[in-house]
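Two complexes, one shared chain (chain A), two partners (chain B, chain C).
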Partner chain A sequence: MTSTTLDQSAGLGDWLRRRRGLLASFALLVAFPFVISIIVDGQGLAAVVNNDLGNARFLQGLAIEVFILGIYAISYDLILGVTGILSFGHAMFFAVGAYGFGILLKTFELAWPVAVLVVVIAAIIQAFLFALVLPRVHGITYALVTLGFASVFWIVIQSSDLADYAGAEIGLQGVESPAWFLDTTNERFIFYLLCLGIFFGIYVLYQRIVDSPAGRVFVAIRENEDRALMLGYNTFWFKTLVLVIASITAALAGMIHTMHQPIVTPNVAGLFWTVTALLVILIGGMGTITGALIGAAVYRLLEYYLDRWFGGASGLLIGAAYVLLVLYVPFGIVGTWRARAVRIKQGRDRLLRLFTGGDDGRTPARE
Partner chain B sequence: MSTETSELTTQTPDSGSSKNRERAEWLQENRVRVTVLAVLIFVFVVALLGLDRDDWFSTIMQGLSVGALTFLVVSGLSLIFGLMDVFNLAHGEFFMLGAYLGWTAYTRADTLIDVAIPMLLLGAPFALMPLWRRIAAMVTLAGRARKTSAIGAIVVGALTAFFTITRFPLVIWDAENFAMTPTNMTVQIDLGTLAPLPAESFSGPAIVAILGVLLGGALIAFGFSVLRKPGMESGAIDMKRLATFGGLIVAALVLHLIKEPVNEWIFGLSTTWRFFLSMGVSVVLVAALGALVEVVLIRPLYDRPIYQLMITLGIGFILIELVREVWGRPEFTMARPAAFAGTGEGCPGQGLGGFFSGCSTVEVFGGRLRVYNEGFVVLVGIVVLVGVMLLLKRTRLGMVIRAGVEHPEMVEALGINVRRVFTMVFALGSGLAALGGVLAAPSIGLSSGMGAVFLLGSIVALAVGGLTSFPGAAVGALVVGLLQQIIIRYGQVGIPIPFVEEPFKPSPTVVPAASIVVMVIILLVLPTGLLGRSEK
Partner chain C sequence: MSVILEAKDLRREFGALVAVDDVNVQIEEGTLHSIIGPNGAGKTTFFNLVSGTLRPTAGRVFYKGEDITDLPVHKTIHRGIGRSFQITNIFPFLTVHENVRLACQALGKDSFRLLRSHRKYRQYLDRTDEVLGQVGLTDKALQVAATLPHGDQRKLELGMILAPDPEVLMLDEPTAGMAAEQVPELMNLVQSIQETGDKTVVLVEHNMNVVMSVSDRITVMHQGALLAEGTPAEISADERVQTAYLGELYDSAAEEGTS
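== the complex of A and B ==
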């Protein structure tokens, strides 16, 4: 999907044509609640808009969780997969958004645009904190330092000293939605559409970033930082830029999380939440951007259904699946798909010929 | 701390101008390092002076105790990272598993024996690996079909083994039934009323279960040997392997026949002996698990370091879930062995001699200490430190390990089987972590989160001491332990802050945060840690 973006002659029509898969899935996801409502619940179209209880409403909630996880994972993919910065403190990026937004709304009673602005500023400051240590420590030591930052935040946020603000070990609860379109309980469908829009907006934006000249430098830093330096790029500022973008994105995911969940638990600041992002981009394919979204969907749905079918043993199964993935599918779904695209296309064409009987005029496997 | 600096400063005596110049150069090179050490010692001294004089000794000893447990985890982590560049994020979970297995050997030895019997039978077919490889070489199938059939064999074998293992007799605790919970059993062993549970019998014919497990093991071993790349040397089927195969089966059967008298004997031992026994059992089991993990999961990934990091995360995750499934989620503790649990007449013991009085607590220099926590644990920590140092400096294996840390390719070029040394070091590190776990079980209790807590502490210790330096790991563990205990003590007293009325009292939950802050500061000033060498 990204390989053809180098030709600059694209008008709007051409852009739409190249993005037809994306637009189709967007339309599909908009229609999704209505389809579920009619087929599974046996209710009408109005049930979705009226926010009636049922499978449609529940599945919208699950989809919103997928969107949150996807936005969060895509930002980690930019840091780890595209630029190759080994940061283990990514949960902090998310938790600053989640906790910051909740506390600003609940305790300080700010208007929501002001709260969003403050959180974004906090995210930028935090990204600079992470960038500040970049020139000093590299590789595994950087991972340890960032893990240290995130652990300090995790410990402080659940300490009893801050219980009045962050709710200690139970978590932050009782944040009321500040605007009608941010209300996940009463206006589920509107909130769903909003999250869907943000989700696809972030995706298109990230694709654009990776394809931009700066994005090429990000990839160059991952491949060989010394060489990028020698070619005259000040890699420190590019890495800082990556951290700022990712921090704001993850904070955005955190803010949606605060709006969607009744309680923000300290778990979203812990190492496990970073590992979840790692797992998601590993399932989807590291450094592919698209993979983060697909991985998020696969991970959340797998987690939900395994928990439903196997109960307590589901964690064990997820762990085993993770180990098998690392060993046998290291490039994830999208990575493996791209590596085998030609063969898959050939197979599809052969199948088509089988059904249509003889040559259907297409040339098989152009790429 | 103080011994460390004296060693550093007295390294070059004051004689001759060339010695003086060397010393000046050394100081020039290491000025940041020396300054950081001096600042650290200064902070410790100031912090101690701020405390009540009676608290000094007990605070330092408690710091040493936490430091010793952290050291047991970090020593393995440091050796593994130094030698093979694997940052084992599952190390905290090996520590946790060590504690749980130690508790089981200590409290429910009969369960462990019941589990051991099918495990021995399952492992027996793996002794005949060359035979399976021979047979696998006869399989003439194209690439994909070969792979599919191998995976099929493994899956069928695993299912067979799983369903037949459930037919074996197993006496076990039950988290649902209060009389059978681990907590209750700990209370019983403390009172001396715990007895072996009545033995169960096979469900279904025993011969079917035994043969089924053997068949399952054989199928799995066969599947793996088909998956192996052709052309690799397969070894001969000699008497030794046949004897191992037969020996494992006979051992399992004999163990099954004599398990009741063995149980009676173990439950008749004093808790002190059972504690030492459980230490040994737990260390051996976890070391074996570590070796298995290294060979099966980590070895295929040596050319993909990030994936190695991820797979250790996955292993840790699986171990936590396993512990939650088997031992249940509620926390419990392990009864303190009799030698450290004395009370009543003549207790608490007085002075330094009181450590040997058999009392549970002792009064030294005005503070009261627990003999187990601040005496025994620290002692074991020191013994392990000396032992591993001797292993590294005085034995051939230690020489290979040190050379491997320095230059692995060169060691391999000299014809030394580095892979085997990797496995041994991984097993050694896992075993040390397990030892720490068993030691921690009577003092801090068992929970599925204990691994994460100690992993965090040992990451800090490792980073502070220098990632690849073994003495650095010991120093780092000491810093972490002392720092945490001093801050906990200050949390009770309160830190006076200028211009503020109320003294600041950090709650115990923020204690780990302080050591992490210290780690970040030290890493920023000295990216290689206190005793680590800079990478050229």
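== the complex of A and C ==
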């Protein structure tokens, strides 16, 4: 009976078949710069590689922003959607990466691998800070405490005392690209591929994590933390692990952001940036991992095009879109899709039983 | 026979109320030991103290001669004490299989592994199938736990306690809320687990008939204190028990009859 939950024999062909959706979307996104170059600019394929582009270059940049937002949102989905920890301080996870990487490169002139290492260590320390209050406060109180952490960071980062480092309200600017492949201005296509690779790498990694023994415990904590504790899981360490993973991931998104944007503004530490992560996973489907990526694309494109077409009224329209979404697609795009897939499967099974002389008692066979 | 679990002068106060009043109980290895008493006798509080979910005001709990009074909840299970709750406590939105599998996984040392699929850890899957067979839920393995009827949820919970193969099973009213005709089925299950696995079972029950037929020893609690202890025959012959427990029941039964 339970053998249906086991996975079937592995093999390259089988692996490719199971991953066909992922591989297809990867191939599409690799082809994306070439396609838009032809459509938007009417230029050849060589123009993409040589970075000799017009509007298509901007669209590549927009795609990179989607990747950054996707990596950032996926880490929030692990915390909130998978494990059920309500944190409102997630922007700080991102901002520590963004500001930390920029300051280390610009002011301290560290080599980029060293800077990455320092940021990762900072992210881990930060995760432990967030974990420290876990046993003391729960639910909405935890959300408020983490919001407090992030607010303190937000205020400190734009203080005039740190203006030499972080650039006060204006933000951090003038961070030079430390390596040729991190240069979004001159090597846009290479940088695009790098971000795409990281984006898919993180996605596959997160899928594995959720499916792993530890990932199952994360889900158990979301479902019934007391029971998980009674089963013998020290839930505190599992939640700490979640925060560490998410913190490093969000910091990674922040570092890419610093490389991609000319200015890192204090907004990336603000409450709205946390709310953005929340909206993205609400759009995509909470706890689905895939939803964070789809949500990121929908959110960023919606935001950009509504702003372009409607200007000042765009905020109102985005708000209206969310209200409609929460009302009619409450489980997000991926969540709703999966529920629909289950219903279709149930319907198909019932039909099959009907024709094969079903014996489940509910649908008597017709002679 | 040796004592496996011992409560020594166990006391718990909630404000002015003394819920458990200096109770001494010794539970012998391999027996089915029941704790009974009228409502408010302190059975569940006593139970929570022994299993580590509540801290006593005074007194100690010993497991195989070791002091386990201050052991955190998640560690008692690793020592070999499994407990169930009066209120069904499962993962409602996970499948029956996953509920039990999580219980099996807790036993091993793989729970912090992050990169391999949980389906690759065969030992837990095999153990899950074994446990599901034992509690008779094999056919319902892929159902979402919340959709099970109440009786099956109680069985599932029993399975989750059985999964790590504990030496001591502590069951707090396992038949609570069950239909009368389902009760013997579950009690037979408990008894067969105790006998075939040579386990120690500590049972808190309200249902007197059930307790009398399956127990090796019975402890009677009344108003937080220990009233009597002995074999089922001794208990049913005990006058104090009759007046305090049975008497009360008979009185209320008589009242119901006259009203």
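Keep this in mind: the second predicted complex is superposed on the first by the 330 of 367 C-alpha atoms of A that agree within 3 Å, B and C clash if a C-alpha of one lies under 4 Å from a C-alpha of the other, contacts with A are read in each partner's own complex, and residues count from 1 in each chain.
Convention: a contact is a pair of C-beta atoms (placed from the backbone, for glycine too) under 8 Å apart; a residue touches a chain by one contact, two chains touch by 3 or more.
Every value quoted in this text rests on a predicted model; they were computed, and no experiment measured them.
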item: Which superposed partner A:Arg227 touches (first chain B, second chain C, both, neither); value: second
item: Partner chain(s) touched by A:Gly311 [first = chain B, second = chain C, both, neither]; value: neither
item: First (chain B), second (chain C), both or neither touched by A:Ser212; value: second
item: Touched partner set for A:Gly13, first chain B, second chain C, both or neither; value: neither
item: Which of chain B and chain C A:Gly174 touches, first, second, both or neither; value: neither
item: Residues of chain A contacting chain B in one complex and chain C in the other; value: none
item: List of chain C residues in touch with chain A within their complex; value: 72-75, 77-78, 83, 89-95, 97-98, 101-103, 105-107, 110-119, 121, 125, 128-129, 132, 138-139, 141-142, 160, 164
item: Of all residues in chain B, those that touch chain A in their complex; value: 87, 297, 300-301, 304, 306-307, 310-311, 313-315, 317-318, 320-322, 324-325, 452, 456, 459-460, 462-463, 467, 506-507, 509-510, 512-513, 516-517, 519-520, 523-524, 527
item: Chain C contact footprint on chain A (complex, rising order); value: 1-2, 4-7, 208-209, 211-217, 219-220, 223-224, 226-235, 237-238, 241, 245
item: Of all residues in chain A, those that touch chain B in their complex; value: 86, 133, 136-138, 140-141, 144-145, 147-149, 151-152, 155-156, 158-161, 271, 275, 278, 282, 312-313, 315-316, 318-320, 322-323, 326-327, 330
